[in-house]
Amino acid sequence: MNKLKKQLHTIIFEADTKAGRWFDISLIAFILISIIIVMIESNPGLSPNTQKWLTLAEWSVTLLFSVEYLLRIWITVHPRRYIFSFFGIIDLLAILPAFIGLLLTGTQMLIVLRSLRLIRIFRVLKLTRYVKEASILWAALIAGRNKIGVFLFAVLILITILGTVMYIIENPVNAGFKSIPVSIYWAVVTLTTVGYGDIAPITTLGQLVAGMIMIIGYAIIAVPTGIVTSELAKEIRHTSVNTYVCPTCFKDGHDDEATFCKFCGTSLKD
Amino acid sequence: MNKLKKQLHTIIFEADTKAGRWFDISLIAFILISIIIVMIESNPGLSPNTQKWLTLAEWSVTLLFSVEYLLRIWITVHPRRYIFSFFGIIDLLAILPAFIGLLLTGTQMLIVLRSLRLIRIFRVLKLTRYVKEASILWAALIAGRNKIGVFLFAVLILITILGTVMYIIENPVNAGFKSIPVSIYWAVVTLTTVGYGDIAPITTLGQLVAGMIMIIGYAIIAVPTGIVTSELAKEIRHTSVNTYVCPTCFKDGHDDEATFCKFCGTSLKD
Amino acid sequence: MNKLKKQLHTIIFEADTKAGRWFDISLIAFILISIIIVMIESNPGLSPNTQKWLTLAEWSVTLLFSVEYLLRIWITVHPRRYIFSFFGIIDLLAILPAFIGLLLTGTQMLIVLRSLRLIRIFRVLKLTRYVKEASILWAALIAGRNKIGVFLFAVLILITILGTVMYIIENPVNAGFKSIPVSIYWAVVTLTTVGYGDIAPITTLGQLVAGMIMIIGYAIIAVPTGIVTSELAKEIRHTSVNTYVCPTCFKDGHDDEATFCKFCGTSLKD
Amino acid sequence: MNKLKKQLHTIIFEADTKAGRWFDISLIAFILISIIIVMIESNPGLSPNTQKWLTLAEWSVTLLFSVEYLLRIWITVHPRRYIFSFFGIIDLLAILPAFIGLLLTGTQMLIVLRSLRLIRIFRVLKLTRYVKEASILWAALIAGRNKIGVFLFAVLILITILGTVMYIIENPVNAGFKSIPVSIYWAVVTLTTVGYGDIAPITTLGQLVAGMIMIIGYAIIAVPTGIVTSELAKEIRHTSVNTYVCPTCFKDGHDDEATFCKFCGTSLKD
């Protein structure tokens, strides 16, 4: 029994063996299949026959994921820790929709739960060479989170004030700016340069103010980019220069490929 | 009396005590409530009953803010300095609309004054750990303000010329480009990549020129980002210089690699 | 005569005296007035009376600019060099439209010439503290011009191929993609994230390919920003670190504020 | 025969002689002509006469390209290596469409093949001074490809989940969000800030969620820019290391501040 557990652990939790890699690839395949099923189901006007086949396919995937979930609980050394871990919860959410759908009907929200299955792909990718890259990106976002937070907060207040101003300018004439929340929605659409055009200023003053808002947005959009770039540059620099200090002149900042101190010529590899 | 003043000062102007923190949180809550009232009021077709309740709520918030304003004047050591400070004026603007609304009717502009209340949130946030982050962002924008100014000025001239060119190309055929100011508005919408689509070129020449404008805008949009990123990187680097103070001249701001004080030449490594 | 010339030279070509500054400010005012006249004239449905006044105002500005142009030729030491300089040509273009308009009628293109007057503002700004900032921006763009050129060239080829692909996908069904040039225009509008929406894919395959194009554009839009930022960061670094070499240890990279070498402590100001 | 071959090699494969440069320029001209033919042909409602001339022009260009292709095979020392090289395949694809069009009719896909001719321009540009710039850009993209890949992957999953959420919110009310794939298409259009406006949220909740998606996209769009900028800055810095070669180990790539070779410790300043 213990040996079977060990073997299954290698297959399910690791990716170094051939079987482990096959398990990962087929897991990704089933996740993608389940997502494609959700997408097809959402199309209006499917024949009852197609719907029957889709329901069958959905149940097959759910059963497979259920078996996998139970196996994971059974195999792992700390079942409780697994169940309440981030991926443990995602794994559970991935199989819940179908079972809940048996009890309740017409619950549209279940579709979102089913689309959360995509997050499971990250579990498999955790085992690849992308981890380092992702962790650098993540570290940069974490390092810049306070600055981005302050920035987004200021943008939210700016958007509220600008939306209110545009509501007052456009409201009686332009049916699009029908209330302040809608005007704020317009301000978000404009300042982020998305610009649907479903609501657009038509008065001369409104177009003037909107033009000014866009040019302000022009300068503002640079700020998050600046934050992320600065932090990312710092992260990348940190990971590409080692922290080794020369034993003779005590200077650091040497490249990873350096064998001798570039300042005093002492060997760094002794 | 003096003791009460001191206690109130701790509550209203500081955030280190439990009471002070509660005061800040309830202030934010009331600011948000007052903003939500403005938003609901702007919706067309409210029942008279709802409007009555909203007016009542608005007056309650205004009275609370008035009491707070008077308290601040009474408590502070330099009342005049407070009244004419940035936040003193914002605090006054936050309570004015309701009182002006008593005298005048149909004054839509008061809604903007009421939305300015949001700025008051910054007063509370001044006391948090976000100050340092905000000051770095602000320093970067200030350091880059001349460059951004020069850039925006050049963009304004470019937009005027491009708008005029498109007016000449599209005007007789396309009803959207009905005058030069409207064409300049279109140029702003296009160059900032907002792109509503309420005005769009329809002649072949117009689409060709518009395409060229977009590709120019593609290169141009990079400039403000470049400015902010460079300045921000510099600011972040400056904050990464060590905090070591020279033992002789007591100046700081030394690079990590510095061995001697750059101001007086004293050794920093002893 | 010579004395008058000298005095006028100080007023017209320099900005250090009070008279010179007044001349510059009134020049900017007249340039802006002439631009506003062009904008008002472009509005459809002006009364004949308004048009008469506008024509009068335009002629007044033109005569003022003509007098200024002739004065400049008379005053300057090298008239020919001035006439064929960049600003000499712009100055001439600024007064030509009205005179050409006398000979020819219905020449819409003259409006563009008149809008070129805005460029004259740069002549005045040349004399201000923005020169250094503008020259840094300009140097960064010049340093990056080959990279930006290579990038824009690759984008143009990509746009042509993507436009052709979308034409084949959408053409029979979607009236918007009526020819390859129009499809290429759509590709420009999409890849630059302007997104008017006057032409949009409606077939499933078209929307899939369009989505892929947008996500490609997402990564591509980063390139010009990256180029400008890198070059700008280099320019800013160059201008903020002096090139002074320490006379004792021969190291450079000292801050402008440094009085002593940060590596060996030698005085830098001797 | 061998001498003729050598002479042709200089003309076709090199660009240093006058004849070689003329060959390159006329090649670019013919490529552009062939692209313009494709564009004109795509316009609906051409007269039969025009179509006849266009077919003739297309065949002339195809024959010229065929002769050039055969010459290249004949001249080159390793014909097989040329045929299966990237540009060999592009050269073949450039002449195939016309010949395939003889056998099959109504094959629209051939137009794409014909637009691929544009890629041939890169062959000529390979010989210019833009190579270095392009290789820096390319190196930066290659260095950042894993980070960009991780980022795009996360964006794809985010888009799928957001599209599903918006489908559930908007679907019964808004005809635009008719299925999950279409909603995902909307999420791509929104997150990349293209914003056509062909599909736009109309419910209050939908507009709220859409606004949040846009503000998220605001922060997210900064990431690819940050990646490219950081990598590009590193590439540019690498090319700014001096070209000094160590006299002992003959390795280069030393920093400007280096006094000793970082590979073998030899002094670089003697």
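Chains: A, B, C and D, in written order; residue numbering restarts at 1 for each.
We take it that contacts are C-beta pairs under 8 Å (C-beta built on N, C-alpha and C of every residue); 3 or more make two chains touch, one makes a residue touch a chain.
Please read these numbers as outputs of a predicted model, since none were measured by experiment.
Asks: Starting at subunit B, find the fewest moves between touching chains needed to arrive at subunit D.
Replies: Minimum step count, subunit B to subunit D: 1.
Asks: Test of understanding: which option in C-D, B-D or A-C shares over half of the contact pairs of B-C, residue numbers taken as the match?
Replies: Selected pair, repeating B-C: C-D.
Asks: Please decide if copies subunit A and subunit D contact each other with the same set of residue positions, more than half shared, or with different positions, and reply same or different.
Replies: different
Asks: Which chain has its C-alpha centroid farthest away from the centroid of subunit B?
Replies: Chain D.
Asks: CA centre of subunit A versus CA centre of subunit B: separation in Å?
Replies: Distance between chain centres: 28 Å.
Asks: Could you state the distance in Å from the CA-based centre of subunit A to that of subunit C?
Replies: Each chain reduced to its C-alpha mean, subunit A and subunit C end up 39 Å apart.
Asks: Please output the residue numbers of subunit D that touch at least 2 other chains, ranges allowed.
Replies: Residues 181, 184, 193-197, 221, 225-227, 229, 231, 233, 257 of subunit D touch two or more partner chains.
Asks: What part of subunit A is in contact with subunit D in the complex they form?
Replies: Within the complex, subunit A contacts subunit D at residues 35, 38-39, 42-44, 108-109, 111-112, 115-116, 118-119, 121-122, 125, 129-130, 133-134, 136-137, 140-141, 148, 152, 155-156, 181-182, 184-185, 188-189, 192-198, 221, 224-229, 231-233, 236, 240, 254-255, 257-267.
Asks: Over in the complex, which subunit D residues touch subunit A? Could you list them?
Replies: Touching subunit A from subunit D are residues 146-147, 149-151, 153, 157, 160-161, 164-165, 167-168, 171, 178-181, 184, 190, 193-197, 200, 204, 207-208, 210-211, 214-215, 217-219, 221-223, 225-227, 229-231, 233-234, 254-255, 257-267.
Asks: Can you list the subunit D residues touching subunit B in their complex?
Replies: 193-197, 225, 229
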